[in-house]
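Okay, so subunit A shows up in both of these, paired with subunit B first and subunit C after.
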Partner chain A sequence: MAGETVDPAAHIFEIIGTVLSVESMTRGCSNEIYVPVSEEEFEPVINLLTARKFVLIALFGAEGFRYFLGTSLLYVFEKRGGMVILVRDADRPVSSIAAMIPSASWFERECRDGFGIEFTGAFDTRRLFLHETYPENFHPLKKSFVNGPIPTKPSIDPADEYPFRKVNGEGVYQVPVGPVHAGIIEPGHFRFSVIGETIFNLEVRMFYKHRGIEKLAEGKSPEWCIRIAEAVSGDESVANATAFCMAIEKISRIPVPDRAWQLRTILLEMERIASHLGDQAGMLLDVAFPLGASQFSVLREEVVRENERLTGSRFLRGMVAIGGLSRDIRKEQLYELGRFLDQFRKRYRIGLKIVLSTASVIDRFGTTGIIRPGLLRPLNITGPAARASGGKVDTRVNCPYGIYTRYPPIPKILKDGDVISRFTVKAAEILDSVEIIRKLLASMPEGEVRREALVLDGYTLSLVESPRGENLAFVWVKNGKIERYKVRTASFCNWQAIEHAVQGNIVPDFPVINKSLNLSYAGTDL
Partner chain B sequence: MVNAFSCMLKSKVTENVLVRNDAIEKLGRLLKREVDAVFGGSIAIRELDSGSDNATEIEINALNNAFYDVERFGISFVASPRHADVLLVTGAVTHNMAIAVKKTYEAMPSPKFVIAVGDDACDGGIFAGSYAVLGGAEKILPVDMKIPGNPPTPAQILEGLLALMRRAKEGKRK
Partner chain C sequence: MSLDFVVYMMVNTLLVIAAAPFFVSFIKKVKAWTQGRRGPSVFQTYANLAKLLKKEVIYSPHSSRIMRVTPYVNIAAALVASLFVPLAFVPEPVGGIGNIILFLYLLALGKFFMALSGLDAGSSFGGMGSSREMSISAVIEPTTIIVFAALAFVFKTLNIFTIFSVTAGSSTPVTPTLILLGISLFIILIVETSRIPVDNPETHLELTMIHEGMILEQSGRNLALMELSSGIKLTLLIALLINLVLPFGLGTTLTVAGIAIAAVLFLLKGVLLGGIIGLFESSMSKMRFFRLPSLFAMAFFFSTLTIIIEVFT
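Let's look at the complex of A and B:
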């Protein structure tokens, strides 16, 4: 995955230049390329990009964006750290690309709900984040809608209920689960079509937690918006705040001090360790192995207490700021962190050894919930889920930000794509994160942790590797206020993999498959 | 072949727990006393996420780890609202969850208590005023207790439970 010596942007200029005029392309603040595309040019460009193995990593709308007065659609394609954004005029009829690029289906449905854009030829035109309770013709992301209370339906007529995909056949029956689940977890609905005990089909329905994050950010000051970024998904607070601040720093050309980046990276990796430990404990609990689960949940608690000691917040909130960090972490505290990690690593290895030498765990984890490598690109699967299925994708390596060029992680790539692969990848990542933090601690520079600077107007994209995979933030500042904040977490795309991963598995294995993917509901529903 | 009898004669295979801390133990003992007095030994809690960012769920889950292990204090988390005495609501109530929230509450047997956990559940938090939320849990449920925080720590959640027990005891006396 490393070793790409050519400038990715130049590579894109070269490829797209064969169908579009180079004059229309412009470079953004993060070296991404924007290019307006007419309807005639659109299909050839999409074909070209998919043929050249570019991945659709996001698709969203924005009003009054640069080239068009009305609503624009921004199609973000990525390949090896190079990003190209096709900007399409959505006030004219637009065609769906979901049949060609499956990940586009949820994106298109999201744009339809948000902006009222109809995609011709779309195979799925059901509403996505606006459930039945919302009125018709309500599109919250339009600028003409001023954020505030709206009338909703107090009850839903059975005829208006969400139409799930019909699965018929001899012996097929439905198991509806959720939105309220049996454990202490987030709400979502799973519609299983089952034959005997075997899952024949699963349809996931999300967005019960839709809180209107993107609209909420509009018109707010960039400073205030960090709180919104931190609330996107609880255990990805640092990742989302970093993605947001990084975008603002690129737009305003704020040089972030080295010490701030080193400390930020420590926080990012501490967040990854805590998240992975929680997953591992959960996975072990789901296969009824509390001995292993309790070891990892004890370690997880110790890590979040360490977080609290360092930052005052168990979730590391309130630390990441525009231009660096809101406050420094003292030398003695960092020294203590190093000591903690030394003993943490020893105890983690002992726990891991117990787990991986327990036959019943291996039996339940192995060959369960396989994600085939062929799904990765069409669905834009990222993070440990992709790396356990042979995907050489890690934003920290492919598209390094901050100081990851100097402290690159060593990604663990496995091929089987089952639960044990994901467990093993996460185990390796925990130990790798410890290693990264130790190196950062050993070379911590002195100096300021924040560069105060004026926030300028502009827009850009940023990518961050959260514990769950690649998170994207598009930030557009206009007159000093947030004009558009689009966040696409790894979970939004990874959720669609679970429908494939569970097929042919038994219903009782669903919880462990779900936990092994550790998908964020809040980060998807926004 | 393992001799089952010899296993019984051996000393127990448990480790010394080094994770307990005095403040939590003291809080737990107080809580246990109140739970015994008001609910006759144990309370059953159902957690309901009405639109949180998941941080609060993570902290509630932490109550079951070895540091807190709240089942020792007579507190258990149950899978069904039909078995629950207390409903812990987290997050601002979204429109998409409103019907499910009401149904969950209605499924609980009386007498029942509702605790709003976290800033968003208390009054909508940063989401107050968003088109997508009704606001805090009290918009559709009778809330007996609020535990603010972004998110509240496990210890703060335990303190909130203790306060609820004390209030319930007052109610019982009347």
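Let's look at the complex of A and C:
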């Protein structure tokens, strides 16, 4: 958490100024800094940033972006709320940084699939979101590709099948799970290498539900694009819509009315409560404690019904709009929400007490699925998963947006990084969110909820703390239409943590570890 | 073989088959109640079995004859075992029927074939289920032997019929050590019928399955037979526990009224025990797989204690 009052941007100028000329740097609409970097300068800058504990939070491509005619690569580094974006010309051969910064590996593979950029020296060059049935030399994010159906391969030669990491040795056997699972969950493939019951290695393969969201957004009006943002991941609708609208509001300098921000924050926190409750219920169900699970499931259902009463949508869709909210929430409804939260809090505390006083549950949760603190920065792990491993990362605190400066959350930081820590962090966050909403309700200003204004051209980045962690949106508006919309949800990075968290655990503990991280498959696969 | 015994065989087997689906459903119902849910009807398992019996059987192309014979071996073993545990009426024992050791190994036979069929279809979940089931069986076996040895020690016989004819007619346990043995038998019941904290019969998570993992590849009529055999196993263990600890109503002479009253009383006592099982299951989560031996050790402890007490009194 930033204890200092220094302008993060000034800090970045100071650091990068030692390698690059200050004149080449420009400030963006959200106080982020853009710097074009030549190939010679690239490695020293990366070394400098990693040495100064900057975290690579996103890497994506864009065509015709500002400095270069062709494809650019945008490397987004963050430290204490300050963001610097290194822009690299990708029409020339580019080197991979995945060996130095592990979180770059999936990003680079994503750029390779989307834009056809080859990274030299990459240790993993397998395709990421384009599965085997997609044709060769198909790169959907290139402007030259017009969105539409494409001929896919009718069958796949066994030699062309996705090569999973090979784990050999005496007594090692492979357990393939998914992509189709029992129960109502999203598709994903898990390849376990197991010795007896102990997991020796896990490789996750995602991207079974690619919808082409980034391509779909291109050329659409910003208003229309909010619907797309809401569809990125069902239970992060408000977070992604807010990230998108915040970017547009920054670009177009639209002042959002206070009442709108207060209501938006209520929606963001309601979304967090519902998501965390679902996780907690799932974790209890996965260790076969349905008595505890059902209490949290019931509460979650009541929260989403309350959402429906407030907004007409169980997942709070259609509310967030550019410049504020699409409609106001009546005073009586807000009063009802306050009453609901009072009784919710009482019942939630009772449920929590029952669960935390059940020894068998604690025994299953404790020391299970540990994420070591050393993984947080290299893999850019955020959200409750990071806070349960001692990471002081919460976008609402580190990089406050909206009115979080006035209503700061109190992040719960635990050190152990196991399932019980994540459970406890989520429990604390639910109660904290209730507290934030109550404060917001008590000080709700009157007035309009939307400032209509013209959307200007420009680009910027915005960060929002979704229930699962930090979500990033890059929005570039050109001639009033969306030129590029890139979302990086917290799940995209956090998925890679699970491969480490399960090592040395036993196979029957995998479901509870997975649920404790509650990763979105859709949010990973755009 | 006397006429009494022929009547016993028919009545007992029919009663077991009729009661088994009810007990399976009833435990589910109790668990639903503890969670504040209404739960499926107590007759749901009958409907499920009837539905499965009508459905076609699909075999994995990798499977062998084992997959095909397992359901029949299982149901046969379960039905023969059901002759060994009188539910409502205890006749004079005939031949080896009622022998505890034979009873245990009939249950083990079914389990053995179930584990083989889990491996047979070649799916990784079946294999995991079989390997876990066999590990648990290996660890629980000495405990089971000690529990039944203690039982034999208390009654100085290996025959369930003889044991029951001693307990029949009494409204309370005939010796206080039976309460200790009851605890051991309860743990054996939980383990043998794959319930929480050993296994979760209601899970959809293949990676955590034991019993369900082994029968994942079974379908249609065969699945119905497997489910019915598990239900019979549950009913027999419930009957064993009830008729030892709460034997009142159990008849030793053959009369229609006597059998009817005993059957009704048995169902009521079964409901009580089913309720206890349901509450027990709801009160805790599943244990970590490698911590299970500590649960078995409890059963081991109580039955060893029984033997020690019996020796010194």
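Just so we're on the same page, the second predicted complex is superposed on the first by the 525 of 526 C-alpha atoms of A that agree within 3 Å, B and C clash if a C-alpha of one lies under 4 Å from a C-alpha of the other, contacts with A are read in each partner's own complex, and residues count from 1 in each chain.
As a working rule, a contact is a pair of C-beta atoms (placed from the backbone, for glycine too) under 8 Å apart; a residue touches a chain by one contact, two chains touch by 3 or more.
Not measured: the values here are computed from a predicted model.
By the touch criterion stated above, A:R211 is placed in contact with subunit B alone, subunit C being left untouched.
In the superposed model, A:D286 lies in contact with subunit C only, and not with subunit B.
With both structures placed on the common chain, the touch criterion links A:V22 to neither subunit B nor subunit C.
Annotation for subunit A, partner touching more residues between subunit B and subunit C: B.
When both complexes are overlaid on chain A, the residue A:R364 reaches subunit C alone and has no touch with subunit B.
When the two structures are aligned on the shared chain, A:R227 is found in touch with subunit B, with no touch to subunit C.
Of the two partner chains, both subunit B and subunit C are touched by A:S294.
When the two structures are aligned on the shared chain, A:L456 is found in touch with neither subunit B nor subunit C.
Once chain A of one complex is fitted onto chain A of the other, the partner contacts of A:A182 extend to both subunit B and subunit C.
Applying the stated contact rule after C-alpha superposition, one finds that A:E197 touches subunit C and leaves subunit B untouched.
Of the residues of subunit A, those at positions 182-183, 294, 298 touch subunit B in one of the two structures and subunit C in the other.
Remark: subunit B residues 19, 47-62, 64-67, 77, 79-81, 91-92, 94-100, 104, 126-127, 129-133, 150-151, 153 touch subunit A in the complex. On the side of subunit C, the complex with subunit A involves touching residues 31, 34-37, 124, 128, 132, 196-197, 200, 202-208, 282-291.
Against subunit C, in their complex, subunit A makes its touches with residues 174-177, 182-183, 197, 284, 286-295, 298, 358-361, 363-364, 506-511.
Partner subunit B is touched in their complex by these residues of subunit A: 129, 131, 133-134, 140, 145, 147-150, 152, 154-156, 179-180, 182-187, 207-212, 215-216, 227-228, 231-235, 237, 278, 294, 297-298, 300-301, 304, 314-315, 317, 520-522, 525.
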